[in-house]
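What follows is a structure written as structure tokens; I'll ask about it next.
Note that the chains take the letters A, B, C and D in the order they are written out, and that residue 1 is the start of every chain.
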């Protein structure tokens, strides 16, 4: 089976400001090339508080899901905190591939960055 | 032989808008350092529809090919959908190295991102 | 245990100029998913002088730390040199994951880049 | 010994245009944490012509070298072609770590991208 079930992303941050029509945001982009749907749990680590571990998402078999972190809510309705450094653990029920990207329009124009997440197992 | 025959890229997106002279686009950049030409098949995965798997490209021996995804057509003349999240599988007849980049001029100025694709086998 | 204890980043640079409210900077983003605090030593390599190896930082258990390199001081109070190419070695007492990002506002708007660091052991 | 002796970078391009004071350029950023100087050979692969393989650079022991590709000349005085897609092979006499970055000021503001190169052996 292709991919890994756990992925880590140290540099997470939701910019509190946007300019123009593009909203600053991050996405955890998942690809599931297998034949089984992926049940995904996301844990957010912080610098000065306990991790938040009640976020869920899905990626169907032979589909991609670009999970928008600015729209994600945990099982109690809490969003991912804005303007605060965090890190992300992505744990899936089946092997997936994970890439993390940010679009930042804090200042004029827009900036993008991306990287493959770090594969654990 | 150097490289891998299958590569995966979860975060694909062709921005529908451009400003200035630079057209927003993505490129799948292939390097073939071997002595045999590479026959390449690209499959695009989506969030809510079946994959499109009839895209072909080539990279000659000891050459690079920066495959522009905004110009690619499949065997039936279909382009890669614009403004829609997708993921990419790159499968080659011989080992290659794959990097994926996006140039986004949706807003003023331009933004770039890149990452090595995820090597499978 | 998850992660590695040594990570390397060849492309380091603190831009001497900023525009707008965003200060140009780099961050070494550390994630520690283990149960033991990480004691971290950073060594900076240069093109034309001896390495500086007296920088320290920490990342508590189950926490992240986005270490701002423009604010870091070594044990003698020296900052990381500005406007000079450098490379970074991150050595930790326990396994961590390391990602490196730069925010550059030298010219109008802002530019971002990021990459996972190179894991050694 | 830390690092690899061969690294590959599929997406190379020197933008022909710059705006503002920042010159569009690429850099192959090398880190040599060993005790022996690195003698480095760079080969550039193209889409439609033979590779150029007479570029040399160095990185001393315990030093970094951010090799500016817009200033590099081969043994016959030829520069790296501008405005043309290429790929890069970096071969070193001793193990090194290689990261590749581009600064693009083709349009207003500046854009940056970076990635670790692909390690071969």
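Assorted remarks:
Quick note on the criterion: a residue touches a chain if its C-beta (ideal position, glycine included) is under 8 Å from a C-beta of that chain, and two chains touch if they have at least 3 such contacts.
For clarity, every value in this text was computed on a predicted model and none was experimentally measured.
Homomeric contact chain B/chain D is classed as different-residue, with under half of its interface positions used by both copies.
Rotation relating chain C to chain D, from a C-alpha superposition: 90°, rounded in steps of 5. In this assembly, the C-alpha centroid of chain C lies 22 Å from the C-alpha centroid of chain D. Centre-to-centre spacing of chain B and chain C amounts to 31 Å, using the average Cα coordinate of each chain. If you average the Cα atoms of chain A and of chain C, the two centres end up 22 Å apart.
The residues of chain A that reach two or more other chains are 108-116, listed in rising order. Listed in rising order, the residues of chain D touching chain C in the complex are 2-3, 19-22, 27, 29-31, 33, 62-66, 97-99, 101, 103, 105, 108-116. Note for the complex: chain D touches chain B at residues 6, 8-13, 45-48, 50-51, 85-87, 89, 102, 104, 106-118, 120.
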